[in-house]
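Report on the structure given below.
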Amino acid sequence: QEQFVPVLSYRVGPYAAGGSGFFGGAIDYMNLVNASGGINGVKLTWEECETEYNASRGVECYERLKSKNGGASLVEPLATGIAYGILDRVATDKIPMTTLGYGRSDAANGKVFPYVFPLITSYWNQAAAMVKYLGDKSGGMDKLKGKKIVHLYHDSAFGKEPMPVLDAQAAQYGFELIKIPVAHPGNEQQSQWLQIRQAKPDYVILWGWGVMNAVAIKTAQRNGFPREKILGVWWAGSEEDTIPAGDAAKGYTTMTFNTPGNYPVLDEIRKKVYEAGKGNLDDKTRIGSVYHMRGVTAGILWTEAIRKAQEKYGKGKVMTGEQIRWGFENLNVDEARQKALGVLGMFPPVKTSCDDHEGSGAVKVQQWNGTKWVAITPNWVVGDKALTRKLLEESSAKYAAEKNIKPACASGA
Amino acid sequence: MFYREAGQFKTTYQADSQILPIRQDRIGIATLLAFAFLVVPLIASPYAFSAILIPFLIFALAALGLNILTGYAGQLSLGTAAFMAVGAFAAYNFILRVPGIPVLVAFILGGLCAAAVGIVFGLPSLRIRGFYLAAATLATQFFVVWCLTKIRWFTNYSSSGVITAQKITIFGYSFDTPASKYLLTLGIVCVMAVLAKNMIRSNVGRSWMAVRDMDVAAEVIGFRPMRTKLLAFAVSSFYCGVAGALYAYAYLGTVEPEAYSLDLSFRILFMIIIGGVGSILGSFLGAAFIVLLPIWLNMFAHALGLPTSVASNLELMVFGALIIFFLIVEPHGLARLWQIAKEKLRLWPFPY
Amino acid sequence: MSTAPANNSTAAPYLAVNNIEVIYDHVILVLKGVSLQVPQGKIVALLGANGAGKSTTLKSISTLLRGERGDVTKGSVEFKGERIDQLTPNELVRRGLSQVMEGRHCFGHLTIEENLLTGAYTRRISRAELKDSLDMVYHYFPRLKQRRGSQAGYTSGGEQQMCAIGRALMAKPSMILLDEPSMGLAPQIVEEIFEIVKDLNGKENVSFLLAEQNTMVALRYADFGYILENGRVVMEGDAQELASNEDVKEFYLGVSGAARKSFRDMKFYRRRKRWLA
Amino acid sequence: MTMTSTRKIGDVILDLQNISLAFGGVKALTDISFDVRKHEIRAIIGPNGAGKSSMLNVINGVYRPQQGKITYRGEHRKDMDTYAAAKSGIARTFQNIALFKGMSVLDNIMTGRNLKMKCNFLLQALYWGPAQKEEIEHRKKVEQIIDFLEIQHIRKTPVSRLPYGLQKRVELGRALAAEPEILLLDEPMAGMNVEEKQDMCRFILDVNDQFGTTIVLIEHDMGVVMDISDRVVVLDYGKKIGDGTPDEVRGNQDVINAYLGVAH
Amino acid sequence: MNISFFFEVLIGGLLAGVMYALVALGFVLIYKASGVFNFAQGAMVFFAALTCVGISTKFNVSLWIAIPLTMAVMVLLGLATERIVLRPLVNQPEITLFMATIGLTFFIEGLAQLMWGSQVHQLDIGIEDVPIQSLLDNFNISISQFDVTAAVICAALVTGLALFFSKTKIGRALRAVADDHQAALAVGIPLQQIWGIVWAVAGFVALVAGLLWGARNGVQFALTFVALKALPVLILGGFTSVPGAIVGGLIIGASEKLAEVYIGPMVGGGIEGWFPYVLALLFLLVRPEGLFGERIIRRI
């Protein structure tokens, strides 16, 4: 009895470092689950397919693996392009897709996107939380008035995603928002940072991806801009972003949906997986790194969804995609459950519903101390969720209209 | 062997200028087409349709377009993906904004928009050639993608900048199964391949090749380089535009402008070089090679049970090495290899 | 069919081509077993109609065939008693075997003088010696001296031809393969070129193998000749002997009977009699 | 040798006056005037680099002379335009063969007829109706030329595989396909043996005879030039040093000094 | 906008341009020698930087030992490329050779990551990337001392290469080879040897570029993208000119930065991706062979 998970990973190309960390984490956790007897006795199996972060190859991988070994339980491509490429397909094939911290923010509306789960938090909630954090940091939201915030973004759909939120909040709190795009891939940012130096902003929001992040930090340093004032998006907040920047990254802060640190589950992975020679990372020091931890988190949420589904449809049985979808929609990983799993505080409590495929929306802020990340907000930060909810409803309604979808909660299978 | 043309005499020029003058070839192609249209839909798996056959056909069409420009008219271009993007986004907007427009018409209009863009960006080719032109066509690539991300109208103000292709419905029949999408794509590709072949064997095609082989001489003979080159750009972009629309509608379903990145342009260029520059058959062979090889390698690497990161990197290396190997064996591409094989067959059992 | 005795000199030939077969593109058989010899210090002419395979023969000797997707599938080539089929052209030039290719092949972007200088690439010589060699070429081709600063791509056809020949001379070879040296040259230059050939042959003991369409002149200067038809040697012999052969006279020299006929009086297209085996 | 031609040579069809052409410091042509009469075979001779090819390039508009006037069929102009030249019936062959290397012999010759083809590319793409008819019609004409030049057996061969001499013949075919009024031939017989030259001469004479095509010919083989041309102009260093019938030119001391060397 | 800001942008652009030129140089070398547009140059930059870092971390040696070792590796890579890829492709059309270098790109990228893993690394070559304090204090102009050092290194490299090509007979031979492989062989130019030398030198240039860019942006796969920055430099300066690479780099760097700062905001920014290409294109319309490229000879 085996539950099959296709792994659409990328381990070559420009994003290989992140891909190997994330998928390594997810596989490590699945190994750990198997080492502890599986999910109520059901073992997990998986097969990897190299997508190269490329939409067309990702679709091929998805199609190749989706009906293998009794059918795919779920997919997680960790690539926006691939996620879009298979968005329609997962609904037809009835395979839930998770998009942890990326993808369409409005997919949190389960009435329109029954099979898509942007778990934990979406870009919009992140942006709202950023503003919240900056407000708190300035000593209260009212202190934001008259402040200057630069939104330095990757010039693509990804970088523009938070703009509706930021614009609304700028109007609400009266700060000045300066938007500066960086052309892909962003390996030269002298002109942007000169502009920033000129504008003398109070904060810079760094909405970057890939090499752009390290270069931004480096260029900030060479232009004498303090890194403490830079607040990166979570895709700009991994070791892969700070290590290349070297000393320049010290003091740099970013958002994250994992609290950095060590957790019992990581120790278990070290012991039961790596010592058994089944570890997925070549370099053991990367255990517990940001991407790895994100992968572990994904693994946890996947297994929890399967577990949940088993509770409803029969313990110890292999679940179908449709049943797991229900599991994802009824997740409840609260602190008690986290404690049981040995991950208390590693990510915010997640509770999903048909209306809310995201399940949380809370984030933390972390800072690079020169060697590792440390959380600098003791509690989870949540921004203006009413605002993001409104945007989400509008946007998903538009999608539904375009695609002729009648918004409705999927009935349990 | 049965591959002989002996005894087949052409009594009219019409017969002699057929697309396939040798009877065995005609039979072969007819069988292949019958197979593709009638048998494949019955036996292929959904995976084969939506992950291999459809992308193969679409890439082949785009490669055909690029081959018209690069292979026949001799203008090296790295902007293929941009033209595809124009086709896709234009088709999307036509369907969105012109109620009731037939999908095929929208595809054609999308292609025409791409052709218009092609003409504009083809203008420099009148002065610039070779790798200089290739590097300059990168301007098209970056500029078009930039425009599509910057001007929100093109993506209907979608917050993510991603368009969702509408359903393909023709005369009330909606193409939503992989098999039906495959047949639609196959139909379009076949028609366009025949049109391309016709152009190549008549005066337009000769004008392109003349300009490619020696533009000064072509001018002396009375071809006008400007018209010829721009026509090549237009036709090629049209093909790419239609391919781009199919890429969005029949393959991915949703696309963001970045899906039409430089990477895609290069992939299509690889296809024509591996397949055969200046050969219609080559476009298909090259597309098959570039689509299938990584998949095979990937499956093969898994079968070997190598650690995944090693496997992925080895795949890449083997892919690169195979490209080089094929070029060394036959610099003129798979199509030429095929032709040589046929010539050998004709002489068989004698070596020459 | 004339059967001049095969090379009757006792010494091993300077250059020997033994029964070579050449295939282009894996399928087109062009040379079907060609053998020929060039004794040291002699001028040998290779004659034949268009497409007979003269250029191919020369290219297979100088191993330049590889670059054109041609293969020598059978036979061997020996130069100074050693097999050279596997050597690189660079090594051949170092050993004293140079080729002047058909169709000029000058380096278009280099000036005439630079073209000539590249000809001396393989020689390790002082500036003064280099200059001497240049002067020698300029002495033979004064026209080149005038155009020394122009890019070869912009010079006239004849100037390019001179440049190509001059470039080969710069290597101071002991054996030169000349492919159609007279093509596109004005009559008195043609004479001059053959005088140069004679000169080099006489004074410096340079051997020549020349493929030439201008049979009249070629046979006048050559010691020995081969006639190639369709990739086979169909006739060989002393130059004088060949020149007096009736068939050769008719087809290659344009003299039938006693006198040369006017081109205007050729009322019929000539059907060549083929010496086919 | 006697002139046995029955052709009647007509009026001046092409008249070049005081043509000067320079490339940077190189004076390719200096103040050259000469004319070409209808139906005649006009030869241009001269040493290498004298400016012969440049002269042809001026006539069909590849080069624009800095000075001078060209009168063609009664029209005066400062210089020609390649397209206009082709359109008004000037066709040529080149010294360095300028065939389209990637195409077959047949296609190469077909390109010669492009100005006579009227169908637009959409019809051609459909290859149907008028387009097909047109294609076949022109194919017939081209086949006549192929027969005339006796190159039937290589019809479908890519030209790059042909030996030099045959390529020259194909190039002539391409020029003939345009049914030109004036045919400019730049060393059509270079690299040919006597027999092939004889054939080539025959072609030229026949074209001249049968179609009345005017021919301007550059050639280094004095035998050919003296035998078949009606009038000869001699260039040297970009200057005209002689003009007249072959016999006149042959006797001209300047020409002997500059070009012929010994009297032929 | 004030004048010191203008100068800041201008100088920043010029220095960035020098960095582009460094990469462009590698292209020029190989194009000059063989008429091949070496698509693998970006991959070689990545390979060099990664190998250098990989050697120094894996064997725990200092960078100053790793650099010469890497150089040896790059030379070997160059020679192997000549032997395995180029030699069998002599006299083939440019596009074929171009494609072969694309194959080479995949191979090198795979090889680099296979050997050293796909992690990102920091590369510290001991030059701090901070503004020069005196300039900042006195003129309020921020110029990184790293960039200035890089410019000096680049200038030295360009001068060296320019001399090498103009003063040695290899330089002339290179130009001959680029014109006509077949004829170059016929006059006895040892094509193999020349290509070997050039690829080895290109490997060296890639190493220098890799070290500087790696120190600047970190050693990661994205180093291969710097090739995209070098292309407009190359077409503007001319594929065949070493000084052209420098001048092109300066022009592209300065104008791209000025455009982004002064024109960018008007059209929504992010124009650095295409602006250099469009600029280069405009230059090409005036001079189709780039500023210093050899004129293309078209004659019949």
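Which chain is which? They are A, B, C, D and E, in the order written, and residues in each are numbered from 1.
Definition applied: a residue touches a chain if its C-beta (ideal position, glycine included) is under 8 Å from a C-beta of that chain, and two chains touch if they have at least 3 such contacts.
Here's who's who by UniProt: B, E = Branched-chain amino acid ABC transporter permease; C, D = ABC transporter ATP-binding protein.
If you're wondering where the values come from, they're calculated on a predicted model, not measured in any experiment.
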item: B-D against B-E, pair bridged by the larger set of C-beta contacts; value: B-E
item: Reference chain B; chain at largest CA-centroid distance; value: C
item: From chain E, the most remote chain by mean C-alpha position; value: D
item: Whole-Å gap separating chain B and chain C, where each centre is the average of the chain's CA atoms; value: 47
item: Computed distance of Cα centres, chain D from chain A, in Å; value: 74
item: Between chain B and chain A, distance of the C-alpha-averaged centres to the nearest whole Å; value: 36
item: Sequence positions of chain B contacting 2 or more other chains; value: 146, 149, 214, 216-217, 220, 309, 313, 315-316
item: Touching two or more other chains - residues of chain E; value: 109-110, 113, 117-118, 228, 268, 270-271, 273-274, 299-300
item: Chain D residues counted as touching two or more neighbouring chains; value: 62, 94, 96, 98
item: Residue ranges of chain A touching chain B (in the complex, touch as defined); value: 9-12, 16, 20, 47-50, 54-57, 59-60, 62-64, 66-67, 80-81, 84-85, 87-89, 104-106, 155-157, 160-161, 164, 183-184, 280, 282, 391, 395, 398-399, 402-404
item: Contacting residues of chain C [partner chain E, same complex]; value: 62, 64, 66-68, 88-90, 92-94, 98-101, 105-110, 114-115, 117-119, 121-122, 151, 153-154, 167-168, 171
item: Sites on chain B touched by chain D in the complex; value: 12-14, 17, 195-196, 198-199, 201-204, 206-207, 209-210, 212-214, 216-224, 231, 235, 278
item: Residues on chain E engaged by chain C in the complex (per definition of touch); value: 90-91, 169, 172-173, 175-176, 178-193, 294-295, 297, 299
item: Footprint of chain C on chain D - complex, ascending; value: 1, 4, 23, 26, 46-50, 53, 95-96, 150, 161-166, 187, 190-199, 201-202, 205, 220-224, 227-228, 259-261
